Amino acid sequence: MDTTTRHIKYQADCDPTFAPAIKAIPGCEKLDSCIQCGTCSGICPLSIYMDMPPRRIMNLVRYGFKREVMNSNTVWLCSACYACTVECPRQIKVTDVMYALKQMAIKERLYPKRFPMVVLANQFYKMVRHRGRMNEIHLVTRLYLLTNWFKLLEMARLGIELIRRGRFSVKPDNIERRAELHAILDYEKRYPPTEAAPK
Amino acid sequence: MSEAWEPRIVAFFCNWCTYTAADLAGVSRLKYAPNLRTIRVMCSGRVDPQFVLEAFARGADGVLIGGCHPGDCHYISGNYKCLRRFKMLRRLVRDMGIEEGRLRLEWIAASEGEKLKNVVNEMVAHVRALGPLRLNQKFAEWDEEMNQLEHAVGEAQKAKEPVHA
Amino acid sequence: MTGIPNTDGNGRRGAAGEEIRIGFYVCHCGMNIASLVDVAAVAKEAAKLPHVIVSREYKYMCSDPGQEFIMQDIRENRLNRIVVAACSPNLHESTFRGAVARGGINPYFFQMVNIREHGSWVHTDAAAATAKAIDQVRAAVARVAKHRPLERRRMEVNQAVLIVGGGIAGITAALNLADAGKKVYLVEREPTIGGHMAKYDKTFPTLDCAACILTPKMSAVREHPNITLWTYSEVTKVDGHVGKFKVTVRRKPRYIDEETCVGCLECISACVFKTPKFEDEFNEGLGKRKPIYIPFPQAVPPLVTIDPETCLKFKTGKCKSPCETVCDRKAVDFSQTEKTEEIEVGAVIVATGFKAFDVTRLPIYGYGLYDNVYTALEVERMVTSSGPTGGEITLRDGRVPKSIGIIHCVGSRDKKTNRWCSRVCCMYSLKLAHLLREHTGADVYQFYIDMRCPGKGYDEFYERMLDEGVQMIRGRAAEVTDWTMSPEEEGKLVVRVEDTLAAYVRRIPVDMVVLSTGMEPAVGADEIRRMFNISCSTEGFFLEKHPKLAPVETATAGVFIAGCCQGPKDIPDTVAQAGAAAAQALALIDKGYVEMEPNTSYIDPDDCSGCKSCIPLCPYHAIAFDEGSKKAVINEALCTGCGTCVASCPSGSISQNLFEDDQIFSEIEEVLSHV
Amino acid sequence: MPEKPKIAFYWCASCGGCEESVVDLAENILDVVAAVDIVFWPVAMDFKVSDVEAMPDGSIAATMINGAIRTSEQEEMARLLRRKSKYLIAYGACAQLGGLPALANQFPREQIMKFVYEESPTVDNPARIRPQTKFAEDGRVATLPEFRNVVRTLDQVVEVDYYLPGCAPTPKLLAKAVEALLTGDLPPKGSVLAPDVALCEECPRKDSKPTEVAFKEFKRPHLTALDPTLCFLAQGVVCMGVATRGGCEAQCVRGHMPCTGCFGPTSRVRDQGAKVLSSLSANVAAEDEHGIEKTLAGIPDPVGTFYRYGLAASLLRRKVSLR
Amino acid sequence: MTKRYTYFPGCSILGTGRACEESTRAVFAELGVELDDLEDWNCCGATAYMSVDEHKALALAARNLALADTKECPELTTPCSGCYLVLNKTQRYMEEYPRVGDKVKCALKDAGLNYTGRVRVRHMLDILVHDVGLDEVRKHVKRPLKNAKIAPYYGCQTVRPYLDFDHQHYPMTIDRLAEALGATPVHFPLKTRCCGGSQMGTLPNVAQRLCYAILREARRQGANLILSVCPLCHFNLDSYQPDIRRRFGEDVSITTMYYTQLVGLAFGMDPETLGLHRNMTWDGSWLEREVLAGATA
């Protein structure tokens, strides 16, 4: 069977809005100055698991290869250790670019399906929004229930150990002034970004 | 003039740093606001406070002095003398009711075309926000109080003329 | 010195009674100006201005026909003032002044308006740019009416040249000038001349031996009758100006009489330290020296130096000083003290070189942490047969490396350290790869960002290295570590890097890592810069007057630059630039005089009250108080024309030629006349 | 016998010291009186404005007006006298430069009125009554001149032929001026009738000034014990002599007070205050911004110091009222 | 001399990181440093919030800054590296990007809070080593840990990207602290390499491999103890050793603890007080075996 596929990129395949959208996010403004030296990939502890090294992501973003970037697992492997940001000779905040890509992917639902990192991020987001604080046990439980519930069984050993050592906090923790927190988080809802913020 | 008001800024640029920086901005095709009117001097030390006051009195909305960075003066220390005068002049100008932002001293090296552009744009925006100064027009307004009298005296004179004739 | 009077005797308040007839010319500069500024409108407005007799526009005013217009109009329309609106006066003021003079009137009856760099090139709104141009033209027309005839001043030029820095640049310039018969003072901070080049083994791309080509030149310097060589010396003070710089040089004591020492080196063997014990600067600390030492055998001058920091005689006072006794010429002299020399020169060439990047600023490459990480300069000393290891490449534990990684761009192209490309590292890394392979047979890996080999024979050399089997990995090495994951990495250093062309992260185990350090401005460059009044770029390299057309001149007349103090460069470029600097200096002093702009300041004795306020303001000490007349007097020869005293004179008694108060006031008035 | 030339004196916004200075001619005044006919001198002689109005235009040989111009009446009189006189002479610092009254140009009229009629500690005016330009009662109307918003120099109101500088002009300069008028040996119109060289030239302390004075601090004369022989600037005290015309014979300095600038600038200077500011600040010793500011803080009121007499004649003329 | 700091505990301190909290409070109390709890603090947002919505992430963290702004001491400190980074980053971005800063400030103002920018985020390690000082630490050492060979593990977010008191790739602060406690730090090339962080929950094979490398290298360099700074790093290195052994077939077990626990031990404190019994790798005889015996021997 002929499995040969054609690998060519027409300029029309690129999304010209992609790079400007990313560069508009704080921390991503220096993206264009990348010299493709590979320091980010070289220093990244997780690049060895990535289907595209961070360096390549930088290049694909600035030239508008949105589909390719969004299909890659790279951003979901980033653990935000900031090694790339610190070492980049062009002072590109690579970690922030990764964050920007994650945000865009989540907003536009473009991530690889049921990727656990996305579920974790969303669950975390909801929990903190609701309670003001995060409870590790609840978070991990929800994560496994939504992704791979039999993992919970694997984790039983650790769970028992944690209980034994008094590190298993079951009681969800709430902050007192939740209304205040919601007022802060819902600010954009009240004043959509297109309108000028009131003084 | 019937046209909308546009800030008019008189700039005194030293030949070696800031004037050259403006040349560099040109060569680099950087774009900035056209509100500047540049007067070239050899050194920011040549900028006589009289020039600044004269510019304001003639209707400038802002005055920008550009010199070499401290330590970089082509004439060793002319920019320090400029800085010292500027410090006192800015106080004086402020005491005379002219907002501080209308008088600026900036160190812009020959290599800083980009800075020149930013300084000019910033200053034009700032002066625009402050609104017109236009002392020359204010002088005319102030003197209007006398013109009324002159007119009245003139009329009275006409009435009396036959007496002396 | 001859100071030629700069006034025409007509008195300074306007030429007597002549009718002012101004010619105005606006240049299209092809489409450079005309595409935005409405030049026809400018010419039309100018024609309405007082005294304007002729107002023209032309495609290229600086061209021969353009200049011919001016000359013709001066003759036919009896013009006596000219205004040209075109590009920057920094570019063509002298061109047009020339045309004005050839037309038959004083060249200073001219004013230029910059409507290109300050106009069409920086604005986008045609109407606003045109309005601005008209305002500036109005100012120039008003100003030029107040111009007076001026003459350029001539000043004699001292026939000696000072060269600061005795590296290959300083040596080249010194020999060029001395051969042309000029007196040269060569001042070097270190005990020997030779600079960085003296430390290199071979030079790329021809692989000729650095010492073989450099040492004959060093000896030539020593032997040249026209060169006064002061090593172990530093310039401490500079006064004066082009044609007549007064320079003070501090000569540090080397505790050896330079006249009597013949360089037999007996004293070194006699030293109470039987074995060398102190870090040897010349060998980058790889070797050791004694307190009494010579940097290297071919040092010039071939004199020993005593380092008071380590010598027991100075430290404890208790040394029997065998060095002193063994010297039959009695050249050792512990009583020597610092000396100062004062010289006068007509021109200066600054060739203070560079400093190699300090690799401890980048701990990610493990220098200082791992024994087997070396700087390129250390390796350079190691491969030299006269170096501390006699040319043997051994690691600090004595092993011969079987694999070597050379990391490029260490302290170059990196915004956290030095933003610029150091230009020579690619080539010297390739050279070191060759030398290291030649000496050890090791596998050599080059970790590079971009291979930059532009130069005669350079890319060919790169190709030759590829053929020799040097492995090129395109990727900036991310880290050097001794953390291992596999048995073959045990006991090695691992370079972690993304091979960007293969798009894999790789771990390359090597025995030795070489860091190809970039170039930085030399230590003390800032003081030199201040003393000689040279501008510098933000990086700290000295700024040439023009990056293309005046690459060895500086903003200070009579001060030239050569070599790496101006920016990173390799030996051929350094030598070429040094030759250019020597030629420029020669052209300056050989002419015998310099012409200076007439924009000097002057005091009318009838006006001056003798308040002395101006005297301390002059950075050139050009103003003196005349005790006879009790008035201040400006020495025109010393005046550089900054105008600071003019702006300060509280009774308005000082004026500046070309920048008279009434000229500037009329500019202010005119640029605001439409407000 | 030809008619004696007619002379007039008039007093506008000033302290009256200028009038005194005429009397200071002492017995020489008799020579003056013998040579001229004084036709108008409100402070000393009883003439009416109507008398002046009745004179033919240009019939007065010279009128000396002292004082700045602040009210509509002063403007009116200046115009009248201008018309009637061949030469109009601005007499004294106030007429020439605005003088001390012009320091009021730092304040808006309303603020002055409010202070003078309501807030001044010596005023008791609970009804806050202020003078009116027109007041009618029982069919009778009283008027007062209008108080202008701007204090002006004489030449900002009418054309002036000559200036006699000083606060007040010295009798010597006056006598010389009168002599020049009588003999017709007059300099070009618009001249100041005093030397065009700064005061230092004739200052008794000139030689005591070193050539390299750099200011480390500025001292205020009333707060400092000063050397009575040493140049004030050398002692760090602001002395305007460097920027002020000579001709006063350095009377203040001889009286151990620094020059405050009443003779105004030389002909080569447009703004006396700007020039002295330039000279003093450029000679500050400090190199860093903080040090410079610290030294200059020793001059707490630059407008009052540099424009004690010259504010109305300065380039900025008066304070711009802030919106 | 008492020093006071505003204290932000962070979410994990309430659960898995309890021991970090216990030992931190005990050690700082011993050194006379007062920790004034930030009332009603909320989660800093950690890495996850930033992934979803940047503005909300910054606003969330900024609430804590605004709360700290009202405190007497504007120095806000936290024992968690994640919190340290997020709070620091929020503060810097609000300054660096006025557009963002203004928006966040408006959001805070809407909720009745005010942030002036006076707060300074400090790491507890910084306070211990620089404000308290190693001389002071040395004075409290009652039990020099002569036999402890320390692999100092800084992790990532302590040092990157905002560390300003030490080098970001090969810092020496903990090394110097360990020396002050009488212990011997070993050369540890992985001292700032990531442990996998929250990927332990989502991609355990990847994160465990990272921890495996760290644990293995610590032993290879001759350490008998890994010191960590951050609750999450400690959790990953401490709790997964059995899983790692199973997965990679190599015994990489090594005692791990918080640096504050080690400081407490050197100060002669009771292991229970320092929460050492909560560490999975803690074995009651460790102190006896590895330190005290060695010290007397």
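Things worth noting here:
To keep things simple, chains are lettered A, B, C, D and E as they appear, and every chain counts its residues starting from 1.
Just so it is clear, a contact is a pair of C-beta atoms (placed from the backbone, for glycine too) under 8 Å apart; a residue touches a chain by one contact, two chains touch by 3 or more.
As the structure is a computational prediction, the values presented were derived from the model and not from experiment.
Note on connectivity: the fewest steps through touching chains from chain B to chain E is 2.
Shared contact partners of chain A and chain C, listed by label: E. For the pairs B-C and A-E, the count of C-beta pairs in contact is higher at A-E.
Chain C and chain E have Cα centroids lying 50 Å from one another. Taking the mean of the C-alpha atoms as each chain's centre, chain C and chain D sit 57 Å apart.
In this assembly, the C-alpha centroid of chain D lies 76 Å from the C-alpha centroid of chain E. The centroid of the Cα atoms in chain B and the matching centroid in chain D are 28 Å apart. Shared interface positions of chain D, defined as residues touching 2 or more other chains, are 269-270, 275, 278, 282. The set of chain B residues touching two or more other chains comprises 45, 48-50, 54, 81, 85. Residues of chain A found to touch two or more other chains are 87.
Chain pairs that touch, as defined above: A-C, A-E, B-C, B-D, C-D, C-E. The touching residues of chain E, counted against chain C in their complex, run 167, 169-170, 187, 189-190, 213, 217, 220.
Considering their complex, residues 53-54, 56, 72, 75-76, 79, 106, 146, 148-150, 152, 156-157, 269-271, 273-275, 277-278, 280-282, 284, 286-287, 289, 292-293, 296, 299, 301-303, 306, 314-323 of chain D touch chain B. On chain C, the positions that touch chain B within their shared complex are 88-91, 114, 116-119, 121-125, 128-129, 131-132, 135-136, 139, 530, 533, 535-538, 543, 555-556, 599, 617, 619-620, 640-644, 646-648, 656, 659, 661, 664-665, 667-669, 671-672, 674-675. Only residues 363-364, 369, 479, 481-485 of chain C touch chain E when the two sit together in their complex.
Across the interface of their complex, chain C is touched by residues 196-201, 206-207, 209-214, 233, 241-243, 246, 265-266, 268-270, 275-276, 278-279, 282-283 of chain D.
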